[in-house]
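Next come two complexes built around chain A: one with chain B, the other with chain C.
Entry: the complex of A and B
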């Protein structure tokens, strides 16, 4: 039998409070997770045809030009896929019109593009990229963040010599020490030609993910992507 | 528990602690390699590249903490429940299976390292997802072993005494184990991948592990100070309410920039900002109990365990609470996410929140095994706690200096490009930070040497008590 004590020093009261607080927080988290999962579902080629923005767009974005620009309406940078257009409520959004060649083609079907990024993601995991680099800002801090690596000005300067930046990145991935950019070299991880192409496709796809404006002011130096126009 | 007679479960706990302390050494060793590579990138290049050293560093950390956590439960379970653990034979078998699996995984990490971009690599070599790189086959093995562990805990508590500490542990352990499942699938969608990956990582270290620490901390308070159980358990329930109340939705602070909806900015900011509150509570509670018991003339029965518990509460508050709060708001995190900031925070938080309390639990086992009424701090023990605590704090401060530099130069001035990244990495403040981190890390390794020595010898090096002298004289 419990002796009469103030509610504030009653174990029973605190036990019940703990149970309720935990229960309510868990239910809220599960509810929000359902909503987030719906919003984070990978988009389809149809969405792109209809110019519907998805946080994680269809992998067919590899057929389009990708940019990262300040949207005055949302107050931060957003991915601009296939050129920009005005958003009815203000600001800018992707137009999904301007295409560009990716390894010589700009007509990858949804199936082909998905297969490519599937291989790319598997390679990224199999080579432990995340234990030197960060992806979407998560990982290790020994090498640069890869979130917007596709848009990095470094590749723009190397692109002409390789006939396009996708070829430059793929060449780098297959033998990084040969194209080392820093004393802190990336080791040769035995990435094959197919794997390299797939990883580049993944990097391009990842740069089209809407990351709520991370990283901020990307490429502000040396006239890279015009983040602050 | 009388004299040095141990429950079989406690013998098993000592086995878990032994593997834990060995893996702790491995963690420090690979951390040392990674720290050297930051300054001298050619060190072990192509032999043990940074990615592998770093993976081993963090995996050894997670695995040794889990070993120690399971060990501590096997230590306190029969003592709290008042009976031998149910299914102890099965528990012993599970220990050997787990240890064999860990050994295989480590050998594969070391000698195979990476694989081709195929599903088979995910199944047999590495999953390539920070902290939970363990290949899928090992995941399934871990789940099986954990199920045995949960069975032991549940069956024992059902049969024995149901103390508040055990009830909290039972609820917490099942959540802890269940969350691991959230990390056991593959998806091409990296945003969804990271969303669930954080369920494992965050809901472990910022929710279920913290509650575990509060429960085991309560047990250590009772054991070392003879603290009043009712008061300890009341505090424990308050801690659970505050930790789960802030920590579960505090998960939102990892959902600012990974392709998630914007509402996580507000939710993550609010709840993660509340996360330090229970950690202050834990700290105040330990010091308050200490003062109260001292006022009654009660002595600390295990000085090293209590000292490490104090380091735990202070380190948890400082490392997880203060250093976490520094970059938890989205306005700040936009610039600090993916820099040395989380590294600085992570070092002090893991040490303060988890390493220190696990060492404290090991000292309880040392005392129990030797059957001593009191265990006092030896010189070696004093060196161990001083070198490790000051070393980790200094590592954190050094990394913080590097983090400031990186944030200002790479993010603030250069817009987060690769060029900006490398300019920041070469900045002399950054390099100095890395240098001091290495020096402080070496101090921690020396401290680790003292710690191992002390755990093995301190029971034999206890000063003879006044009372015992008289007894010995009378017997003579």
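Entry: the complex of A and C
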């Protein structure tokens, strides 16, 4: 009669399995890393001209209108840059056509726009915005999430008094206690006029980044600053 | 049966991701199937008794 064997207690079986799993997982992670790098690569002004969608669009999106709408095809909200158009397979996508003035201009070159958002990023880092706010999933939730702050409906209500949404946000940033609209008042961080303009450019650019619908249900919240009322 | 890519930037992985869990199931199958082969291969060796001393 054949001898009964136990594979489950065999060291060799477990060693071979562990080697296989570790090996395949390592190779997979390397491939997935390259895939993520392709997803995170910033688009160029040419992509926008050719209407090619990128998760992180070129900084020249500050020349365009930006909206946040539910795409039934992808099942969550997506940034709509320069108006919407129908996707041939169903759903909606950015049309990259409708421009709007940003601090009086809608012709920022790629270099100018990139320098502006870079200055905005440096200001955001220097003033430690993440101590209270969240940007792209990083930071705190003491103050409103800034990922889509440009699209916050509160700014639309203030826009007419300031001659535009960007001027209203810039005025707020330069002296937040003066325009306080929440119990948790933002302190005056000494942001200059130029820095405020750059931060607003960064916020506008950030709202155009495709974050797979994060933060969830943003469009349904009446306005991050008065959502708790 | 096979859906077009839903991702913003399409890649080999996004084509495998046909719906919720699909990519996970494909990748786990890739790992688990050869383990079944390893199991029976080891069983055969043990039954033959041609294993080197551990």
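By our rule, the second predicted complex is superposed on the first by the 192 of 229 C-alpha atoms of A that agree within 3 Å, B and C clash if a C-alpha of one lies under 4 Å from a C-alpha of the other, contacts with A are read in each partner's own complex, and residues count from 1 in each chain.
To be clear about the criterion, a residue touches a chain if its C-beta (ideal position, glycine included) is under 8 Å from a C-beta of that chain, and two chains touch if they have at least 3 such contacts.
Note that the coordinates shown come from a computational prediction; the quantities given were computed from them, not determined experimentally.
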After superposition on the shared chain, which partner residues are touched by A:73: those of chain B (first), chain C (second), both, or neither? second
Using the touch definition from the top, say if A:83 reaches chain B (first), chain C (second), both or neither. neither
Contacts for A:215 in the overlay, against chain B (first) and chain C (second): which applies, first, second, both or neither? first
For A:17, decide between first (touching chain B), second (touching chain C), both and neither. both
Touching partner for A:125 - first (chain B), second (chain C), both, neither: first
Looking at A:183 after the superposition, I want to know if it touches chain B, chain C, both of them or none. Which is it: first, second, both, neither? first
Output check: A:53 vs chain B and chain C. Expected answer is one of first, second, both, neither. What do you get? second
Look at A:136 in the shared chain and tell me whether it touches chain B only, chain C only, both, or neither; answer first, second, both or neither. first
Tell me the contact category for A:153 with respect to chain B and chain C: first, second, both or neither. first
Set intersection of chain A contacts, chain C complex versus chain B complex: 10-11, 17, 21, 25, 28, 32, 35, 39, 55, 210
Footprint of chain A on chain B - complex, ascending: 34, 37-38, 41-42, 45-46, 49-52, 54-55, 113-119, 121-122, 125-130, 133, 164, 188-192, 194-195, 197, 230, 233-234, 237-238, 240-241, 244-245, 248-249, 251, 254-265, 267, 334-335, 337-340, 342-343, 411, 413-422, 425
Residues of chain C defined as touching chain A within the complex: 4, 6-9, 11-13, 27, 30-31, 34-35, 38-39, 42-43, 45-47, 49, 51, 54
Which of the residues in chain A come into contact with chain C in the complex? 2-3, 5-7, 10-13, 16-17, 20-21, 24-25, 28, 31-32, 35, 38-39, 53-55, 73-74, 89, 210
Applying the document's contact rule, which stretches of chain A touch chain B when the two form their complex? 9-11, 14-15, 17-18, 21-22, 25-26, 28-29, 32-33, 35-37, 39-42, 55-56, 114, 117-132, 134-142, 144-145, 147-149, 152-154, 181-185, 187-192, 195, 198-199, 206, 209-222, 224, 227
